[in-house]
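Two complexes come next, and they have one chain in common, chain A, joined by chain B in the first and chain C in the second.
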Partner chain A sequence: MPDSPRYTVADRPPFRLADLLLRWESILVVLLALVFAVNAWATPWFLDIYNLADATYNFSEKAIIALAMALLILTREIDLSVAAIVALAALGVGAAGALGQPTPVLVLTGLGIGLLCGLCNGVLVTRFGVHSIVITIGTMSLYRGIAQVSLGDQALTAFPQPFLDLQQTYFLADPPTPLSFVLFLALAVVFGIVLHLTATGRRLFAIGANPVAARFSGIRVDRIRFLLFTVSGLMAGLAGVLLTARIGVVRPNIALGWELDVVTMVILGGVAISGGIGSIPGVVLAVLVLGFATFGLTLLNVPGIVINVLLGCLLIGSIALPILIRRAMRRRRST
Partner chain B sequence: MTRILHPTRRQLTGAMALGAAGLTLPLGFGRRARAADRRIAMIVKNLGNSYFDACASGGAEAAAELGGTELIYTASTKPTAEDQIAVIDSLIAQRVDGIIVSANDANALVPVGKKAMQRGIKVMSFDSAIAPEGRLVHLSASSTDLIGAKQVQMIAKTLNNEGEVAILSAASTMTNQNAWIEAMKVEWAKPEYANMPLVATVYGDDQDDKSYREMQALVKAHPNLKGVISPTTIGIRAGAKAIMDEGLVGQVYITGLGLPSEMEAAVLAGACDSFAIWNPVDYGYAATMIMGAILDGAGTAEGDTLPMGRIGETVVGAEGEAVMGEPFVFDKTNIEEYAQIF
Partner chain C sequence: MSWLAAHREVVLALVIALMVAAIGAYAPAFVEGTSLLGVLDDTALLFMLALGQMVVILTRGIDLSMAANLALTGMLVALVGQHGPDLPALAYIVLAILIGLGFGLGNGVLIGGLGIPPIVVTLGTLSIFRGMIVVIGGGDQVNASEMGRTFQAFPHKALLGLSSVFWIALAVAILMQLFLSRTRTGRGIYAVGGNPTAARYCGLVLERYQVLVYAIAGGIAGLSGYLWVARYGVAYSEIASGFELTIIASCVIGGVSIGGGVGTVPGTLLGALFIGVIVNALPTMQVSPFWQMAISGAAILAAVIINARAEAHPDKLILPEARRAAAGARG
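Entry: the complex of A and B
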């Protein structure tokens, strides 16, 4: 920039096309295009609007939790109890259904239980100063345990039809759009605005980069942590409501193992497990890549175990690739 | 975005090629799928289970016999309803003609089963049922009456209809076992069993150690005991072990419902002359033959007859339930072959 005044300090780096193309999100866009292209070529059933809509049912609930998880991981925290909260919220919804309550009560019950579980996590994490991985492993067993003790080998199956219709019919008929996918997209916009366009969002990045420095800069770190865990619980409660409406039955093993699927989405989305780096568009793209890659592979009748291996490779590759590239760059500079 | 990467072009293309290779790896699976005229999917509870693998090999045999039929054998990784629903969704998306399910949850699969049927896909269950609204037919391996009668017939054959017999069951509260014991007693009332009295019914609670001790107590309490029927896979294996450990082989025989892999040693040693359970190869075969018939337009209302190929035919009962037949008997002649399978 030869013409710029000598002492101008730019508030952001100058725009360069190379930076844009090499952003993690750009790589995910390429990956997503690749997933669509390969699947469209490999199977005639992939590019069908109804099939794609149905495929979103199977990952939208997890994706909603992933939005909250992204903020937690960004601030160096993690919530491993989300799947157990889904189970407990589903149990509450099922119990309310068994009592013959109407749809709004069922939805509020699920959200309320999620919120309470999140509050409980938040209090424990901020009061005891133990890392959230320890606390939430504990509450994971606690919440799932409550569901198992109160249900045993029973199942709750009594739900009003309007409640089941929430997830068993399309929210919009044309184009066919499931409610859970609409909610995911809407929440992604909200989370994206908060994280990338507000002061609160900048505070989250500051905490993730260095919680101590953030505290000394006057950011109320513990209050934000507490809020994040509450939001995480609320999102898990919402996922529990949607999942219950979709499958119409509650058992204690509902949503088993979801916490790891959710963390996978967040990590592939480019959120650094060491905190301070990440974006909501990245997480949304990762959700779509994982969701449609899985759907494409099941369409090809690849056994689920093999799908897990492939997705595991994808995840390891996505973590290892930037590290390898950075190392290669450093070597080149030093020689 | 705070992360700025500067990889060389070669590194990037290399990474992309790697990713593309990973995603295109399983293409062979897809190409094959369009060869057959019609496709039947068999979705079981979980993969890597030799019992279901045996069902699938029977299904493949039936598909070959039906002709122009491809059998897709698949399952979710986790044995939960949500994961099984995702697999069924993808089969609906592929517009398969028929779906045969061993359900992880009878009720949770009803919506997805209904959706499949709305789109013209025929749905049936076997092994573990979907609730009636979510499928056309459920094929049970055997009926309570047949299972009960078979066990009495087996011990009668071993003992030539003579000698005291006891029952070693699971827990006294178990619905299945109690129903089978009632069915045994109906068979037992027949005159040919007059010299083969039932002297005791004991409960091992489906625990190996308790079943073992109950078996030891039985032979002490009834010195003339000749036979034991154990309608539970745990009871029969623990009882057989007690017979072998106490040196009673040849004096007391056990029979009942067992798994070939667990009973191989006892059968070869002579503690168990014969036992029964349904044959999973036949089970998968029969389910697939029935699906073939349904796709050819066979009715599934109560009272309709459905063909099962070499097994015979079955009549649809109340709530779309059909029964394959008598349990399959295992003895010295076939135990080693089936012990490999399940």
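Entry: the complex of A and C
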């Protein structure tokens, strides 16, 4: 055939079962199944539907932030100020509550403060061209500091009952589902669609793989960065609202250290810190693995700080193991 | 602006001097000799830790586990002090350095040996070290009365009005300066951080330097762990919690570039001193200590913005002659 093309240019690589099984998401699915199996075997209370529902309270707020953080880390950025934004948003919610404002005002206050903080991060990062880890360490101190200065050693505890009901009653009665978990799943779908099925999502991967090349391909890199930091702030604001409604008290040290928990979720979800690799399903799976592993260990009366040791080992081990396996395979192939 | 870039340390020193003068005008007690020396004493641990962090950041890395390493090593030597016989202070110091060095080496092997990103490794070891304190100590704290006499006495020994902790920090700073400016390995750290690819072609392997710098940071964290626990007379799991970010903030204010290859010992010391002055000045000015965090946050942002402008010229010249020639050509 004279007119047959010399090369076949495929749209995607050929399907191989080994590729699917070695995907990071597949490993996480196995891990999640393992977590459920071990916990169900170890304690009879783990598989109780109400227990599982209540377990989601403990990680859904962080998980909502993790969705935005995943997009940031995917594009080689990071936002360490999220926990401080949660605190500042919670402070705003608490102050509005103390003024006797109704629930919608409280929610909007929290979201608004989160959005403003995110905008501020976005401006600083895009305007001065300094790596976001430095900028957000600075804004983290600034936001948390503002919360400390305005609240001191006081606590805000006046909230209208409908506001507290948002998180202290189930959003769906049967099966029992907390509002924060519903919001997390809904937002995960939105973030997943944007990242994996739209042109904007492809642009994020392009920026993460090579920001300079992305800029020369006509992608407005700084505008996208700015938007991502704004979204991150907004999600942190939402988490602040949900957290305040759940615990019903605001202190300046609220959500202390959350930034590292959120980053752990994202990294365990398979998002590469060097950018350009990652998926929303991976992050969702990692959130569930971490959340239910923590919950199971709590049921077994393991102290929280010991759980942290195990989660630290899980984080390093899950990254180190594939590297070691790949090295071993390469060595065997070369001999 | 190019003058600013070349004399960043001078500018920072001037800013600190102005700040001290302004605080002194408001609260004269702050500028009395003993009070100012107190600031140096109080900041001594931050000086050391910031230098350890600087070496790591020079290689484009970051060590989030330094404060946790400090706390864990502090707990371990406190337990030795509690259960062992009274050892001379030097033995505790050597022991603490070795323990911290071991933990740092662990970080270094995971980062340099396996190629896992520094932020991932040190985030993980941060949790692990903190948790190990509870596992090893059984959740109890070690109090001053249980630690042993020589263990506790050492940090309170004074010379010329300054505590032994300050003199150790000074020694660390001098050694670090000599190491970074006068040894082949020290220059290599700048080279691999400034441009890892070019350094590789010169035979400098980034991974080996990574193992080295995390070990150095670990050793310094361990040393500070003993000094911290002995100075404040208590060892428990939450010691220096969140201090890792104060350490990094000192480096950033001191002009260490997170992009690697840029940073000096005097700059980092001044960055730490800046934070130390703020922390110590607030109580004397009768400002609520709650302001400390907001002010250091604002200072970090200001420093970053000033540095960003100063760094705006694209070429990065590490040889003094070439830098002078370039400055001459520009000016």
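Keep in mind that, in the parts below, the second predicted complex is superposed on the first by the 322 of 335 C-alpha atoms of A that agree within 3 Å, B and C clash if a C-alpha of one lies under 4 Å from a C-alpha of the other, contacts with A are read in each partner's own complex, and residues count from 1 in each chain.
In this section, a contact is a pair of C-beta atoms (placed from the backbone, for glycine too) under 8 Å apart; a residue touches a chain by one contact, two chains touch by 3 or more.
The structure displayed is predicted, hence computed values, not measured ones.
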item: Contacts of A:Leu315 with chain B and chain C, given as first, second, both or neither; value: second
item: Contacts of A:Pro162 with chain B and chain C, given as first, second, both or neither; value: neither
item: Partner chain in contact with A:Val134 - chain B first, chain C second, else both or neither; value: second
item: First (chain B), second (chain C), both or neither touched by A:Val306; value: both
item: Touching partner for A:Pro175 - first (chain B), second (chain C), both, neither; value: neither
item: First (chain B), second (chain C), both or neither touched by A:Leu260; value: second
item: Which superposed partner A:Pro102 touches (first chain B, second chain C, both, neither); value: neither
item: More chain A residues in contact - chain B or chain C; value: B
item: Overlap of the chain B and chain C footprints on chain A, listed as residue numbers; value: 256-257, 303, 305-308, 310, 313, 324
item: Residues on chain A engaged by chain B in the complex (per definition of touch); value: 18-19, 22-25, 30-31, 34-35, 38, 42-45, 48, 50-51, 54-55, 57-58, 155, 157, 164, 168, 205, 243, 246-249, 251, 253-257, 270, 272, 276-277, 279, 293-308, 310, 313-314, 317, 321-322, 324-326, 328-329
item: In the complex, chain C residues that touch chain A; value: 62, 64, 110, 114-117, 119-121, 123-128, 130-135, 139, 237, 242, 245, 248-249, 252, 258-259, 288, 290-298, 300-301, 304-305, 307-308
item: Chain B residues touching chain A - in the complex, by the definition given at the top; value: 1-8, 11, 15-16, 18-20, 22-27, 29-31, 33-34, 47-48, 72, 74-78, 80-83, 85-87, 89-90, 92-95, 105, 107-108, 110-111
item: Of all residues in chain A, those that touch chain C in their complex; value: 78, 80, 124, 128-131, 133-135, 137-146, 148-149, 152, 252, 256-257, 260, 263-264, 267, 273-274, 303, 305-313, 315-316, 319-320, 323-324
